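Some structures are shown below for you to check.
Paired with chain B in one complex and with chain C in the other, chain A is shared by the two complexes that follow.
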Partner chain A sequence: MTRLTRALGTVFAVLVGLFLIAPVAVTVASSLTTTSYVTFPPQGITLRWYAEVFGKPEFLSSFVLSAGVALAAAAISAVVGLAGGLAIHRYRFPGRGALEAVLSSAFAVPTIVLGIGLLQWFAQMGLASSPLTLLLAHLVLTVPYAVRLVLAGLAGLDRSAEKAAAGLGAPPFLVFWHVTLPAVRGALVGGAFFAFITSFDDLTVALFVVTTDLQTLPVRIFNYMQYDYDPTVTAIGTLMVLFAVVAVVVIERFVGVARLFGADTDHK
Partner chain B sequence: MAAVGRLTGDQVSRPANHPRRRTGLLLALPAIVIFALLFVAPLFTLVANSFRTQTGAFTIGNYARFLGDPFYREVLWNTLKVAALTTVGCLLIGYPFALYMRGRSPRVRNWLALLLLSPLLISMVIRAYGWLVVLGPNGPVAGVLAWFGITPPQLLYNDTAVLIGMVHVMLAYMVLPLMGSLDRIDPTLVPAAKGLGASGWTCFWRITLPLSAPGMLAGAMIVFSLTASSFVTPAILGGPKVKLMPYFVYTQATTTLDWPYAAAIGFVLVVVTTGLLLGYSRLLRRGRGEVVFG
Partner chain C sequence: MKTRTTRQEGERSMSTSTTEMAADPSARRGRLRLDGVRKVLGGKEVVSAVDLETEPGEFLTLLGPSGCGKTTTLNMVAGHLSADGGVIEVDGTDVTGTPPHRRSMGMVFQSYALFPHMTIADNVAFGLRMRKVPAAARRRQVEEVLEMAGLEGMAGRHPRQLSGGQQQRAALARALVIQPDLLLLDEPFSNLDAQLRVRLREEVVALQRRIGTTTILVTHDQEEALAVSDRIAVMADGVIHQLDRPREIYLRPATDFVAQFIGEVNALDGTATGGDTCEVAGARVGATPVGDPPAPGACVRVYVRPEVVRVQTGGDGLTGTVRETRFLGSRIRCVVATGAGDVTAALPFDARVPAEGEEVTCAWRPSDASLATR
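Up next, the complex of A and B:
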């Protein structure tokens, strides 16, 4: 009886695992097909569709735009997240409660609503679409995660270490550099990488902010998909998955992916 | 010792209170500016615009139109239906999966959590595209069915496709809070009940299930509201035939160019989803658990 339930459990878990990896596995596999349409299992093996990707200048320019905006979003989120996290954790200042409330409600406001709000607000301010407006929009998506991770990092820091360093005569800057910063380093690296993939992968907000001559990679793919069903998209998809895998390995190494989503997987 | 530390801390900080407040404000300033200008202001604009006509006069007509039009009432109903079905789907797959995870070593659990979260870390366009291939006419599902001599039914561009795609992304949001609840159950309860003669099923129905209710509820709330407001996955897998609110926010804003109406639909969506989430997180904070959504 117990052996049977165990076996059933394993079968069930394997099925769920297959379900979870199915779209990615199928995308990666069918990017190798020699047919001019997408099919699984792939027929034959070719890297033709990868060559095709690099032969399309519009995909390359979209990649450069997406990567540039994502890098800037990652760097700015890390800095703003560190400063904001420190302020919320350590100081009392006017607007602290409001800032905390806004940051936590940012997780709950639908991205599509944010997208249309930004569209109307930018129009009202007379701001034309540019990489800058895209970056600004993405900061709203990424900064709350950065702050959340920094706060988690600071919560784990024993303040007596800072007091000891200060008591032994270290000036505030050195205390920060040698004691505080190392405690949140993981949070900063993880937060920055997460900001990078969030910005790099965002489609919902970008759809509202971009124009026809300013298309991020996801927008480009989304538009391409409406008309073409050739395996080029599967090749790009595979490349983006590789990108994400690198980011995930780094995040997992520094903070743990689950913590990013607010879950606590540490077990007593 | 701690009390002494706090006391000296206060003594030091009280005369220097103003500079400390200033430092805090200065550090928080970038975040405050970003969120005031790019989050609060756009949302206020949106609400304000939803009460305007296209020419700018005040009206409540956009809301009256949404609630008065049977077509849009059906859109609202369908949005709630798909979100509810996704929630049920996540619960049916997620609960046994959480139970399975609970019995594994911490290492395996970590890998399983990563597996669950992997759909969230992959570009949503690519993920949805992958489902187009999986469920498409040349995909593995159609292939397996054909092998058994079954003509594959239309798997794409309907509610079922959206449901499959949504359960796939949302599963983690159900399982992780559920794990939190299951982990908090006193591990001696089940053996104690068994010692008193309860069967495995009784233990499950009378102990595990009721005690994991908070996690189920948290997961259900998050899954429901995130599903109701997602746009990309339903748009790609369901197409225009699957009528959901986010799709109409998008088309009203970019194709029809009726911004006030798009704003009104968006705001109804916020009330449905965010209201639910914020209300729930407030409940949680008043209780004990941590808020788990993202």
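Up next, the complex of A and C:
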């Protein structure tokens, strides 16, 4: 590689980085403006809009709702993903092919279509809008991811290792605990992580499911922006970014984000 | 990976020093008995009525092509597959319905099957942990068995940091540390390159002889089977065709399948004349009957290996004309056209080489050939 191509490569990488980071930077910067409208670059520096956020209890309750539903979606996706992945990978049962097809095609359904469908469906079933319906809606989005990830994890597991463990005296549960589970641990954490982000970020599906009393944070922001486009929304945006950064750091600490995405980091 | 395997193998091999692992021969256990064991998979009977009995401390090989039922049989012995019929006994105890974790069998797989997230020491200690061996004793035994497997200093590594040969040694150590009744080896050398395969297999045999654990090896490699086994069971289509010592399996095959599967063979059709003789193309030849001697007049087939055929002028035997001779380095291949078809002889390097077209007699010792009814 010549020096020129290397330099061009570096420039390209920097540009891509800037392109990705710019919107976030603009949001963060403009949340500090002293003007009462969103502007970039910010004029002056103030934390007033953050005070505004904390002065509006509806934002806090929306955050609690969003985070709660996202946590539940993450936990349930991991468990259902594990069970579903194991079932599809291990057993031949009637409807297995159909189940797998449905789980794969779920990715292809536009979320707005899903939202309309769920709206109809919940109405037909007489399910009133509640955190539970929201959670069910999000699980439709997140479970297929989790199952896919678990299937990928299981594909990398040598069944002989399970036989070896059994032969060494491990009853079925301990085989699962010591051999199977570690093989899909990354997939489970990854599935849960994706589920959390998907649920926490979702606007499209939530718009159809929520009511005025029950609004997730993205819906709250969306509605707020339609009437008041002041820097409060950019302040909330910044807080959400901060929240995400903390989450990534915590996961990095315990699992390693690179491993979540399947990178092989074990070559020491 | 392959190249790394050879390079990293290092100088260490399995230690031959005596350790606590060496069993007292009088206390030897591990008598496996299969009685009419069957298995049906996907509507097809893949193992049909297999009978087998090992001596304690024996090294027995199940040899056959893929799909012959040898691995299925091994998995039934280990308990990973349930038998659809028959009885599996270990030292007189019926284990047919016993789940694998309650059978005391160490198993080694072609893929090594080490636990990737555990260190080598933790892998080896796994069976001891399941047996609730206290930590101190566990550490001592792991250290001991790792030394025996030539893996000193590898305890803290992860499986993927080891070469293929080292991984298989670790798998062997893991299987042996629990002092199993039976050691089950499922194509354990197949993933290794040729040189390492031979070396590791010699080490395994030496180790097995020393600690005296009854061992069942599954392989499709006939040379490997001949080299390591006390006895070989040749399997095809779910049945054992012949169960005997390597020399008998090679020199006196019982069926067409055994004869063809292992090496090259001359199969000559003839008529029994009683005892260990028969008539082939007008000549009287000798061969050892498989089972009871066939009645005079019965249609028989003589199996004789090229290596045992002598090509001479005159004397008793099957006469014919030399059709071709080929120098093959270690042997000289000589094809003689006889009344019973071509007979191939692999003559020793220093034998007199007959000229092509020469009239010769093919002869062999009756004990070096087999006689089967057809």
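Odds and ends about this structure:
By our rule, the second predicted complex is superposed on the first by the 227 of 268 C-alpha atoms of A that agree within 3 Å, B and C clash if a C-alpha of one lies under 4 Å from a C-alpha of the other, contacts with A are read in each partner's own complex, and residues count from 1 in each chain.
Simple rule for what comes next: contacts are C-beta pairs under 8 Å (C-beta built on N, C-alpha and C of every residue); 3 or more make two chains touch, one makes a residue touch a chain.
Owing to the predicted nature of the structure, the values given are computational and were not obtained by experimental measurement.
Legend: residue contacts after superposition of the two complexes on their common chain; A:Phe63 is shown touching neither chain B nor chain C. Look at A:Val179: by the touch rule set out above, it reaches chain C but stays clear of chain B.
By the touch criterion defined above, A:Ala165 lies against chain C but remains apart from chain B after alignment on the C-alpha atoms of chain A.
Note on chain A: of its two partners chain C and chain B, the one contacting more of its residues is B. In the superposition on chain A, A:Val241 makes contact with chain B only, not with chain C.
In the superposition on chain A, A:Tyr50 makes contact with neither chain B nor chain C. When both complexes are overlaid on chain A, the residue A:Ala83 reaches chain B alone and has no touch with chain C. With the contact threshold set out at the top, residues 160, 163, 267 of chain A are in contact with chain B in one structure and with chain C in the other. Contacts from chain A toward chain B in the complex involve residues 9, 12-13, 16-17, 19-24, 26-27, 30, 37-41, 79-81, 83-84, 86-88, 90-96, 99, 102-114, 116-121, 124, 136-137, 139-140, 143, 145, 147, 160, 163, 197, 200-201, 203-204, 207-208, 218, 221-222, 225, 233-234, 236-237, 240-241, 244, 247-248, 252, 256-258, 260-265, 267. Taken together, the chain C residues at the contact with chain A in this complex read 75, 78-80, 99-107, 109-111, 113-117, 126-127, 130-131, 158, 160-161, 171, 174-175, 178, 184, 186.
If you check the complex, the residues on chain B that touch chain A are 5, 20-25, 27-32, 34-35, 38-43, 45-46, 49, 93, 96-97, 99-100, 103, 106, 109-110, 112-134, 136, 138-140, 143, 168, 171-173, 176-177, 179-180, 183, 225, 229-232, 236, 246, 249-250, 253-254, 259, 262-263, 266-267, 269-270, 273-274, 277-278, 281, 290-294.
Touching chain C in their complex are the following residues of chain A: 158, 160-161, 163-172, 174-175, 178-179, 182-183, 266-268.
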